[in-house]
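Multiple structures follow.
Common to both upcoming complexes is chain A, partnered first by chain B, then by chain C.
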Partner chain A sequence: MLTAALRKELLLQWRTRSQLMAVFVFGATTLLLFSFGIGPNAEMLRTFSSGFLWLGLLLSSTLTLSESFHAEMENRALEGLLLLPSDPRALYYGKAIANWLQLTLLGCALVPVMVVLYDAGTTELLKLLAIILLGTAGLSAPGTLYAAMTAQVRAKQTLLPLLLFPLIVPALLASVKATSLTILGDPMHQSRSWIALLAAFDLIYWSLCGLLYGRVVEE
Partner chain B sequence: MKKAYVFIALGVALLLVGSYIGLFVAPAEEYMGQVQRIMYVHVPTAWNWMLAVLFAFGCAIAFLFTANTKWDARLEAGLEVATLFAFLLCCQGSIWAKPTWGVWWDWDPRLTSVAVLLFAFLGILALRGFVDDPQRRAVWSAVATIIASVDLPIVYYSVKWWNSLHQQQSTPQTVASQFHLPLRINAFGVLFLMIGFIMLRTRIANYRLAREMAMPPIGGEQAGELA
Partner chain C sequence: MNDVAIDAERLARRYGRRWALRDVSFHVPPATVMMVAGRNGAGKSTLLRVLSTAIRPDAGKASIGGFDVVRDREDVRKLTAMLSHQNYLYESLTAKENLQVAADHLGKRRNGVGELLAQVALDGRADDVVSTFSAGMRKRLSFARVLLQEPRVVLLDEPYGALDPPGFDLVDQVIRDLKSRGTTILVATHQWDRAARLSDMALVLEAGSVVWQGAAGEVMAHEVKA
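Let's look at the complex of A and B:
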């Protein structure tokens, strides 16, 4: 059931790939705008590059997350899915994994933009990929759950960030810190403990949100 | 109903006594001077804020297990009181921090955790405002409260790692005995005030729930008149 749900989500995302492209352009634009907030100071931009990357990713993530339940709300498709003789958790994890992959793709696409704009490159690409994977996992688990709630109410565009942003503070902090250490150098090997914190955050929220999802969508 | 007012009156009385002792009887602290006296309201507020968060968390879990709307009313009260106390904590802390540290705000783990949870709870209260179906509102805010409360220790420790510049927490061993009495009196004052607030707020929430659950009046004219 999980694979079926995941397959459905991925197919849906593939067929609306122009939307992902638009979100990427949005993210790249925010990265461009952040540099206007600082001014043309190359050293400072490089120092803050990882923070900008994650803020850009976070802002874009609210768009993809809220969009992920858009299709379910049309013609009450979510109710139809819940009538299937299966665990609603499979639906949740299918959607959360699909969102996770989409955000990872988005994060990887934003890295070159960051490198070009802020001159913040690194050779440890595998480590950077691991951080992006863990960080976006932290965004997508609670993000998918909250999107399930806010998709069904008025003012969803405002409510999702309002609920999600305070919650993911630890994940944001750890991702920014780990990315920044990877880019600017890590003489004390601190990034490992930040990655561990991210992994712990992911573990807690991937299990907790899966447990609670059934209650959120029940009628 | 009367009990709530008894608690509030008791809380106000204790706060008056405790604050009098704290302001006029207890000696001024050697290094921080008069500013330190804000501790007599700040620390009790902090303790009771933690109790209010725990209360809201407990109500959320109790609601998910029992599906009794009484717990939803209590959850609403707990959320609002916790939000109020978090806001008060940020204000009192800033008033204390400006003359002591020279800045209004510092990225101290306790300060940051309170601020993060303040915004998280404000978000949940906003969610409650936007959901019209009482059943859904209750379940969703219980779920959101559990998720936000679980975040509190993670935020605390991550900010602690992130910014290791903070001062040690005070314990009875590190605080001179003259400071104990007003602190304890005020702690109970704020506690009683909080219990009174929660009771009153629960009552209002219960009334509103009862009105929402009640069948709408039959006939369009009556409904039109009410609107």
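Let's look at the complex of A and C:
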């Protein structure tokens, strides 16, 4: 059932792939605007680069997460799947994994933009990829749940960030810290504990949100 | 032979302060076609949505094949297929892909999809995305989705809506085929005369309440009175 749900999500994402490009441009523009806020201070730009990267990714994620339920609500397609019957948990994990992949792709695409704008490169690319994977997992799991919750309300674009942002503060903080230590150097090996904290929050999010999804989408 | 009956007892459902269904009771024996008639807003769609388990009743109870629509939702869903106003289709997927998605979720093989599309005369448009389809074509595809489920109970909400004359005949044929296989069918429609010819029983709703129920052949007399 999970395979079926994931296959459907990836097919839907592929059909609307042009939107991912638009979201990438939005994220890149956000990074550019942050650099304007700091001004031509190379050292400060480098120091804040990881925070800007994750804020850019966070703002972009609300667009992709919200969009991921557009197709489900258009003709009540989600209700149709539930009535087949489909397991709500499989539907949730299918969508959350697809959103995770999309956000990871977006995160990876924004890294070169960050390097160019903030001169914030690193040679530890695998570690950075691992942090992006864990960080975006922390965004997509609660993000998918809240996007489902807000999909049927009129002010969903406003409501989703209002609900989501406070919940993901711990994951966001751990992602920023771990990324920052990877870029700026980590002589005390502190990044490991931030990554472990991030992984722990991911575990909690992915377990709890999967259990709650059925209650959110079923009347 | 099918042995799945539908029972409703004092079923009620409200939206805000307005009662969409009030004290609705009926029994549909197995392998029977029952027509649900009534004007716009009479509660036909709400009744079918409650029976399909899409929404919960606020009072009363209903069961399909002995399974309660609230307590045994999963079992009811395994027996039932619903043709809804909202066609449950993904706009950005093709006709074939929409059926394949449903087949995957049902754990069925994808082989039968082509045959179903041919059955609803959409085989020529199998690889076109649904967003390019007319309302009638969407309805046909929704029918194919219902048939894919091989249900023992079918709930049809306005099956004739948006269809052309050949589409009307297609719906009649599908209902006849399902009936011959012993499927229990509920048809909510404004096409009284057409549905009455295919139905065994009829139920007339008005403002959420049952105002008449009896043999389908007699429903036209009620319409004349109404």
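Everything that follows uses one rule, which is that the second predicted complex is superposed on the first by the 219 of 219 C-alpha atoms of A that agree within 3 Å, B and C clash if a C-alpha of one lies under 4 Å from a C-alpha of the other, contacts with A are read in each partner's own complex, and residues count from 1 in each chain.
What we mean here is this: contacts are C-beta pairs under 8 Å (C-beta built on N, C-alpha and C of every residue); 3 or more make two chains touch, one makes a residue touch a chain.
Remember, predicted model here, so these are calculated numbers, not experimental data.
Judged by the touch definition given at the top, the superposed model places A:Arg192 against neither chain B nor chain C.
Within the superposed three-chain model, A:Leu208 lies in touch with chain B and out of touch with chain C [touch as defined at top]. Touching more residues of chain A than its counterpart among chain B and chain C is B. After overlaying the two complexes on the shared chain, residue contacts for A:Arg17 are found with neither chain B nor chain C.
In the superposition on chain A, contact is made by A:Ser86 with chain C only, not with chain B. The contact surfaces that chain B and chain C form on chain A in the two complexes do not overlap at any residue. Of all residues in chain C, those touching chain A in their complex are 52-56, 73-74, 77-78, 80-82, 84, 86-93, 97, 101-102, 104-107, 129, 145, 149. Within the complex, the chain B residues that touch chain A are 64, 112, 116-117, 119-120, 122-124, 126-127, 130-131, 136, 139-140, 142-144, 146-148, 150-151, 154-155, 157-159, 161-162.
On chain A, the positions that touch chain B within their shared complex are 142, 145-146, 149-150, 152-155, 158-159, 162-163, 165-167, 169-170, 173-174, 177, 193-194, 197, 200-201, 204-205, 208-209, 212, 215-216, 218.
Remark: chain A residues 1, 3-5, 7-8, 11-12, 15-16, 71, 74-77, 79-86, 219 touch chain C in the complex.
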